[in-house]
Every structure is written in structure tokens, then in C-alpha cells.
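Structures given as C-alpha cells follow.
Two complexes follow with chain A in common, the first pairing it with chain B and the second with chain C.
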Partner chain A sequence: MDWTLLGQQLANGVVNGMNYVLISTGLTLVFGVLRVINFAHGEFYMLGAFLTYFAMSALGIGYLPAVLLATVAVGALGILVNRLFFWPLRKEHEFTVLLSSLGLALLVTHGAELGFGHDPKYLNSPFTDDILEVGTIVLTQQRVLIFAAAVLVLAATYAAIRWTTFGRMMRATAQNPEGAALTGVDIRFVHTITFVLACGLAGLAGALVGPVAMIFPTVGSWAVLKGFIVVILGGLGSVPGALVGGLTLGVVEALAGGYVSLGFMEAIGYAIIILVLLWRPQGLFGSVAR
Partner chain B sequence: MIRKALPFAAALVLALLPLGTQSTYLHHVMVLWMLYALLALSLNVIIGYLGELSFGHAAFFGLGAYASAILTMQTGVPVWLALIAAGLVAGLFGFVIGYVSLRIVGPQFAILTLGFGSIIYTVTNYWDDLTRGPMGINNIPPVTVPGVGPLGEARDYYFVVVACVLAFAYACHALMRSRTGRAFLAVRENAPLAASLGIDVFRTKLLGFVAATVVAGIAGGLYAHYLRVITPELMSLQYMAALIIMVVVGGRGTVVGPILGALIYVVLLEVLRAFGPLRLIVFAALLTGSVIFVPHGLVSLWRPWRRRADPAIRPEPAP
Partner chain C sequence: MFRTTLLASGMALALLAAGPAVAQDKPPVKIAAIVPQSGAGAFDGQLALEGMQAEAALVNAAGGILGGRKIELVVYDDKGTPEEGVSAARRAMEQDKVDMIVGGWFSAVALSMKEVTRDKIISVMTSSQHPDVTAKGHKFLFRLNATSNMMSSKYGQEICARIKPKSVAFITINDDFGRLEVDNYTKLLGACNVEIKGNEFYNRNDTDFTVALTKLKSLNPDAIYVSAINTSQGATIYRQARQAGFRGTLIASAGNMNPKLIELAGPALEGVYSISLYAPDSDNAKLKAWTEQYGKTFKNQPAFIGTLGAQAVQVLAAAADKAGTANDPDKIAAALRSQTWPTLLGEIKFEENGQALQNLYLIRVEGGKIVSIK
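After this line comes the complex of A and B, so read on.
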């Protein structure tokens, strides 16, 4: 047994897992509050990466300001998307909303292919070349940045949901929209802000992971599939579930990719959710009753 | 009177459609339409009648295509037997997957089927020895009709596929008039209530799911022997999305809806070729628009008109 290799795999897995957590927290928030499975969620991840790329190349600003700008821009885009695609359909059947989001995903993907080109792009970050050594484990600074930023942002999000007035409004809407509206919660405002938060988180994930992987217009469907696995694993609508599910998926994938086969790595994530759902149909942290 | 004759007239027109043109291109488009119609009708059993969303249906289509292609090419089984085997293989997988996942409902079920679909896709893509991986299988033998010989032309092929579509469309219609069909609807509308009336919810769902997968497998076999080349892309997310689009845009829970949805899908993709690279964007925009503005499918546009024309028809329950 090579302990150095194992430690390295685990470290990579945890970093990838934090990326999955960033993606899926937004997905799970949108499901919890709006009761919508958003197929277009991955597109915001893709847009986050591309906006960072274009902010750096067109505006000539540094990597970190570009990440900030892209996150805010993608979050602001969430207002528009919610207004056009999700708010008008809030009373329709769940299939209708799901298909509307699927249409939006196709629209954004193909639009991006046309606008940004098919070829993969490299996002330059000043942190990819420098490494950080902890014992025998070697990580690029970019990966450390992903981890640190994710922890910070997720802690802030969790605290906001737990302790602020808006967080209480959000949880009230998630529990019972009519009841929340009756007590004076502005449902529309809650939906909008939830969407902004979800899109912003996905955009941030894309902007942070962009320098580690190549970026291309169809990366969104990859992101949303990972997000699905994580939220189903952790329990739809549960934020702690997204955290545990994302880290689990990241670590298991890293180990499977390292010790079994890279080709079947993608299928292994699905194999895990099938096993978990057989044991707990509502996911690890999901609640049975709505 | 007219209302009773209409389905027969439509079936006749459908059956004789290729005689109206000499263009092999149009014949090809018609065959594709019928193949997709068969698939959409089978998916409609799950989406429309059982009320569950399955993202794994394209995988059963692919399973049928691969099963039929591999059987005919490696064992020399006649094609008609291989088509039945394709249905059985897909149905067997459908039984196992349905048995495991139908205990779960709603979004979790949808994503679970997506998971099973992705596993089947990945295995097909990497099991080089059996499936030749991403290269796909080519030179698949065409369908041979006893006494006629191999079907070479798209027009001949159309008659085989349209017979399957009409038979299955009638089967769906008859199902909805039967006790079992009413059990399907009861399960869709309110599962606990259905259970309290003595309907075995799980077995009813499993029955519908397996039937749908068997037909998807046969459709896959027909597809493989028509195009004579298959790749794992048949099971990709793009096809899964396309099938769901056909059913929902056409009108879920109806017999006409999926056939209409398949027509729109096939024709739109052909017509939009004029748009070049904009094609898929226009397609996605039309899809989104139709979902937002006509949420019950295009079939629902027909209903108000029909009711006005014939006041004797009692109002139908919302689909």
C-alpha cells in the first residue's frame, strides 16, 4: 500500500468534492425553495468560467477581480432567468418546469457554442504554477484556493440561511409557500434571491475550477449531472446533505479513478446513488415528508 | 360518426403516406418519424399514464439496438427473431431496473433512471470486445421479410415500422379503455388512494415500465437494422432529452400527442437545417416557448375547438 499516493488521491478528492459541493448547494437550494429541478444549473457554472476568461482577456483585469466580477454577473443573470423561465411556471406541473429548464440549458449551451466557439479554452490563473506542500502531499495553490474559497462561501451561505431574517423567510417558503405568504413573506423576492444565490455559487465554482480543467461550452451538462448525483445522494433540498454528498462523491471518484479505472469513474458515482437510494430512498439527509 | 371514423382515416393516411411521393429523402424522414413515434409512444406509457419521468428510456432503445445487431451478426439469427430478442433483452433490463427504482417516486426516480441510463451508456462505451466501443457497429444486416427478401428501400421499411406504430397505438388506446389502464391513471392521480382501493401500485407501475421498455427495445432493433450503423451515442443525454421533448411537446397521456411530437421533432430538425449553426438554438427556443405557452402539449390546442364543434362531448378531465 502506497500511503503517499493514497493521501494524494484523498486530497485531490476533497478538492474536487468541494467543487461539487459549490455546484450542488445552489441546486439543492433551488429545489428546497422553488421545488424545481433545474436542468440549466450547470450552464451557470459554464458561464462563470467563460465570463472569468473574457473579463481577463477583454478587460485586462487580474484573475481574482475577474472571478468576483463573473460571480456577481452570473448571480445577476439569475434574476432574469427566474423572471423569464421559472416564476411564470411556478404553478405548473413539475414536468413542465423541468422541461422549461431543459430548454434553457439547450439554449445556453448552443448559444455558447456559437458565441464562444467549440474549442476548449485555458483560463490562466497566477496560482496554477505554484505548489503547496503539506507533508508528502502536493497541491497547486489554485486547488488550495478552490478549497478555501468554497469553505468560506459555504460557511457564509449556511450562516445566512440559519441566522438571518432572510434565511428564516427562505426556510419558511421551503416548508410551506402559502403559509409563508400568509404571514407576510414576499415569496417572489425569496424566489429571486434564492436563484441569485444558486447561480452565483455555480458561477463561482466555474470561475474557480476553470484554471484546473479546460473550459468548453458543453461543460454545463457535466456539472449539472454531478450536481444531481450529489443532491440525490445527500437528500434533495438539504444543504448539509450537499456538503456530505459532494465530499463523498469527490473522494470516491478520486479513489476509483486511481485504483480501479478512469473510464468507469463516471459510472461509479451513479452506482453509489443507486446503492444509497435503495437503503435510504430520501437520500442521506433528506426528510421523508415534505 | 365522423368522430368514430377519424382515427381509422388517420391510420389509413399514415399507412399509405409514402405512396404520395417518389422522393427517397422524404421516405427516409418518414421512417425516422415512425421510429421516433414508436419510442415516444412507449415513453408516453411511463410519463403520460404512470406519471413518472424517466430519463433512462434512450438506454433501453440502445440496448435493443445493440442486442439485435450483435445477435444477428455474431450468431446469424434471422432478423425477425433478433428483433423479438431485442425486446426481451430491453424488457429484462427494464424489469430489473424498474424493480429497483420504482419504489422511489418523483424527482429521485427521474434521476435514478438517469443514473441507470448513464451506467448502461458507460458500459457500452467501454466494453470494446462486445460493442466495439465508441466506434459503434456497422454493416448490420437489413430486415428480411420471408418471401420478399431483404428490405432495401426506405419506403418498404416504412410499412414495417408503421405497422408496429399503429399496432402499439391501438394497444395504448385499448389499454386506456381497460381495467388495467384505469388502474394506471388511478396510480398516477393518487397512489395512496389507488392502493386503498386494492390496486397494487408497485406491480401496476412495474407492468407499465416493463411494457414500455420492451417496445423501446423493439424500436431500437428496428432502428439498428434500418440505419445499419449504431454507436453508443444512441443512449446519450441528447437522445433522452429528445424523447421527453417529443412526448411533452406533443401532449403526454394521449395517443396522438407522442406521434405528433415525433413528427414535429423530425421535421423541425430537417427544416431548421437552413439556419445552419443557429439550428439548435432556434430548436431550443421553440421548445422552451412551447413548454411555457402550451404546457399540456400541442394536442391540448385541439380540444377546445372540438368541444365547441360538438357540444355533446362531455368535458374531459384535465390531463
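After this line comes the complex of A and C, so read on.
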């Protein structure tokens, strides 16, 4: 047994897992609070990456300010998306909403192909190529940054839902929208803020994970796929579920890819979906928001 | 007053109509350019089309072909898919009555498109590498790119003789092409005593290769052979190989080195080898003229796929001139097979089945530029 290799693969898995956590938190939030399955979630991830890229190249600002700017901008886009798509559709059947979100995803992807061009781009972060050696384990600074940012953001989101007035409003809306409205909760405000939060998280994920690979307009479909595997594993609507689900997927992929076969890695996600849906359809954590 | 205005505008119209008519007293030679303009291959398609356009501009500026006929490119989008490629070829032949077709950038498209054009029209297939494109081609079909087998046998020799790694590990795509690559190079490199340390397959949609590269690095090979057609996946692999701490030699699969890859992969691509039909630093006069024309019109860096498009226009123009016709496929095919053609990629000769025999150069990235190793 090569312990260095095992340690390295575990580290790879945990970091990749944190990427997944960052992507899926917004997805699970939107479902947990608003009962909306948002297929366009990955597109906000893509927009986060591209806005960071353009903020750096057009405005000439550094990587970290560009990440902040892109996160805020994509979050603000959440207001628009909620106002134009999801708020007017809130009383429609779930399938209508789901299909509309799919339409939105296609619209944004193709719009991005027209606007940003088809060619892949490299989001240049100063941390990508700098290696950090912890004992025998090699990680880039960018990956450490992703991990740290994910931990921070996730803790903040969880705390906000648990302990703030707005968090209580969100949970009330999740449990019973009409009841919440009757007791004076501004449902529309909750909808808006939930989307802002979800889109902002997706945008942040794109801005942080973008430099690890290349970015291109269809990159969102990859992100939303991983996101769905994680939320089904962890339980739709559960933030701790997204954490455990994301880390599990990352580590299982790394170990299976590292010790069985890499060609098998992609299949594992799908196998997990099938197994979970068969034996524990509510996911590992059910839904704490309910 | 009204009458004079009418008369004047009528005369102006007549002049306008007559203007181009005088310049084009001879009808243009129509060449269909069937390229991917949307979907995953859109960027490659753009580079290919730009290459063709630059060459057509050169031919036309020099007076055209067949005693003054200009080349007109009729552009179709094959979306990188066989269905759209077939439909584009049909429209080109039946509606637009083009004289010749250039297409087949992807093997899947070339393989189905050749059935529609079979024995009907001169079809030049460009960058596709699948052996069956010419092995099961037709009497009017020609293919410019070397097949994957032709490339790997040459590249195998070069790796053994000039790169000389003691051991090698592969990272290849999990499809027909990737499997063929591993089989070929395991044999070719095994024959000159390069130790094969292992292979990892990745999938078409993967964006993170750290796990695979960690595994390969732990095998401690002298060199890692990276087989990636997709530019964005390739760039990610080279970057992540360096990020994972691999310091050995990186070898890029044949025909997959281009300026965009260098732009995306940055310093990670420095010193990486590949093999290509296109050596940008060659002193071929035709290549220089084309590169200059390309730079005048387009923003992109000229790429291998663009030179193939240009080469297609070049040989078709020359063969049509020699045959004395633009739309008699029998005569043009006979002309194409009859001699060695000087082109921007050097001399090229077609085998009986339409497969081109081209020069292959060992190339390497040095100082962010592709240079040929002499």
C-alpha cells in the first residue's frame, strides 16, 4: 500500500468534493425553500466564470476583486431571473417550472456562445500554478483557496438559515408558503433573496473552480450534473446533505478513479443516483428545511 | 423632373448591375466549404474556413483559375454531426450546384458524407483521420490529413530516435481513437525498448484530470503521452500535469498542437513535443504568402486546420486548371492523381485510393512558439 498516493488521492477527492459542495448548495437551497428544480443552475456557474474572466481582461482588475464582482453580479442576476421566470411561474405545476428552467439554461448557453465566442478560455488566477506541499501531499494554492472559501461560505449560509430572522422566514416559507404569508412573511422577498443567494453561490463556484480547468459556454451542463448527483445523494433541500454528499462524491470518485479505473469515475455518479433512489429516495439527510 | 429622376436612377441601377457583370463575365468556380460553425467544433470550423478564405483570396488576386474564373466559397454548417454534414452536401450538390466539395473535418462526418457524394462530385476530406474515409472511399474522394496509423508509425520512430524516453505512461480518451493510440504506441515504443508504465483513460466530458495524473505520476515515468483532440481538455491536462508536480517530458498526440492550445496551457506546454503536417517556421514560399494573407484578414493565429483548408483550395484550383474544367469530376480526379503537387505544406501526392502522402514534421513548443526540430 502506497500511503503517499492514498493521501494524495484523498486530498484530491476532498478538494474536488468541496467544488461539488459549492455548486450544489445553491441548487439544494432553491429546491428546499421554493420547491423549484433549477436546471439553469449550471449556467450561473458558467456566468460566474466568464464574468470573472471579462472583469479581469476588460476592467484590468486582479483575480480576487474580479471574483467578488462576478459573484455579486451573478447574484444580482438572480433578482432578474426570479422576477422574469420563477416568480410568475410559482403557481404552475412543478414540471412547467422544471421545463422552463431547462429552456432558460439553453437560452443562456446559446446566448453565451454568441456573446462570448465558442473558443475555450483560460481564467488566469495567480494561485493556479503555485504548488503548496503539505508533507508529501501536493496541492495548488487555488485548490486550497476553493476549499477554504467553500468552508467559509457554507458555514455562513448554514448559520444564516439557522439563526437569523431571515433564515426563519426562509424555513417558514419552505414549510408552508401560505401559512408563512398569513403570519406576515414577505414571500416575494424570500423568493428573491433565495435566488440571489443561490445564483451568487453558483457564480462564486464558477469563479473559483474556473481556473482549475478551461471555461467554455457549455461548461454549466457539467456543473449542474454534478450538482444533481450531490443533492440526490445528500437529500434535496438539505444544506448539510450537500456538504456530506459533495465530499462523498469527490472522495469516492478519487478512490475509484485512482484504484479501479478512471473510465469508471463518471459512471459512479450515476450509480450513486440509482442506488440512492432505490433505497433511500429522500437522500442521506432527508430535508432539514422541512 | 420626375421623368429625369426616374431616368437617372434607372441609369444608375443599370450601371450598378453592369459593374460586377463586366468583372465577372466568366462564372465563378463554386467550391462548397462544409465546416462546423456551431456546436463543439465551431472554433475549429472557424479556423478552417478562414484558412480556405485566405487561400481563395490569394488565388483570385492572382487572376483566378481556368483563364480568369474566380473561386467562390459557398459555406455550409455541418454542426460537427453526420446528419447535418449529409444534408449540407445534398444542398450543395442539388440546390447550389457547386463544382467541388471540401469538408470532412471530423471522421464521423466524413464517413457519412462520402456516401452522399459517392462517385458524383469531387470531394476533398480534410482533417479526418479515420482509415475508412479513404479505405472505403470513392473514385472522386481525396483526403489530405495523414491517417492515425500513418501518423503514429512516423511519430513512434521520432519518439524512439529523438525524444528517447526510458519509460512512458499514457493518458488517453476513452473511445476508438484513444484505444487505437494506446495499442499502436505500446507496440511501436515497446519495439525500441521504451518501458510502458501504464495508461489512464479519461471520458469525453471530464474537466478534472488530477486523479489520473496523480496516479500516473506515482508510476514515475520519464514521459507522459497525452492524447487529446479537444483543445480545452488538452490544455487542462498539460496544466494539471505540471500542477500535480510532474516534471518529466510531455508528449502531445500527433496533429494536436495549435496556437490556441499554447494560449490556454501557457508555460505548461513549454518543451512539449508533437508531430504535424504544419511547421509554422518552414521557409515554403506558398506558406509565407498564405500566412501573410491570413494575418491581413483574420485575428486568429493561423492553425494546422486552417492550412489544411488552404491546401484543399490550392490543390483543387491547380487540378482544375490542369484538367481544363471545374465540373468534370473524372478529368479533375485524373489530374489530382497524375502528379506531385507543390502546396503550402510542402509537396503532396495522392495514392490511388485518394489518400494524400504528406510530409510530417517533429515539432516542439519553444518560447511559446511552435518550432520544427530539424
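List of remarks:
Everything that follows uses one rule, which is that the second predicted complex is superposed on the first by the 286 of 290 C-alpha atoms of A that agree within 3 Å, B and C clash if a C-alpha of one lies under 4 Å from a C-alpha of the other, contacts with A are read in each partner's own complex, and residues count from 1 in each chain.
Convention: a contact is a pair of C-beta atoms (placed from the backbone, for glycine too) under 8 Å apart; a residue touches a chain by one contact, two chains touch by 3 or more.
Every value quoted in this text rests on a predicted model; they were computed, and no experiment measured them.
Considered on the superposed chain A, chain B and chain C are sterically compatible, since they fit side by side.
Applying the stated contact rule after C-alpha superposition, one finds that A:162 touches neither chain B nor chain C. Of the two partner chains placed by superposition, A:188 touches none, neither chain B nor chain C.
Applying the stated contact rule after C-alpha superposition, one finds that A:266 touches each of chain B and chain C. In the superposition on chain A, contact is made by A:119 with chain C only, not with chain B. Here chain B and chain C sit at a least CA-CA distance of 5 Å once the structures share a frame through chain A.
Chain A residues 113, 263, 266 lie at the interface with chain B in one structure and with chain C in the other.
Interface residues of chain A facing chain C in the complex, by the touch rule stated above, are 2, 4-5, 8-9, 12-13, 16, 113, 117-122, 128-129, 131, 138, 140, 212-214, 216, 218-219, 222, 253-254, 257-258, 261-263, 265-266. Contact residues of chain B toward chain A in the complex are 47, 53, 100-101, 103-104, 106-108, 110-112, 114-116, 118-119, 122-123, 125-126, 237, 241, 244-245, 248, 252, 277-278, 280-281, 283-285, 287-288, 291-292, 295.
Within the complex, the chain C residues that touch chain A are 38, 40, 42-43, 46, 174, 200-203, 205-208, 210-212, 214-215, 218, 231-233, 235-236, 239-240, 242-245, 260, 263-268. Interface residues of chain A, counted against chain B in their complex, comprise 31, 37, 85, 88-89, 92-96, 98-100, 102-104, 106-107, 110-111, 113-114, 221, 225, 228-229, 232, 236, 263-264, 266-267, 270-271, 273-274, 277-278, 281-283.
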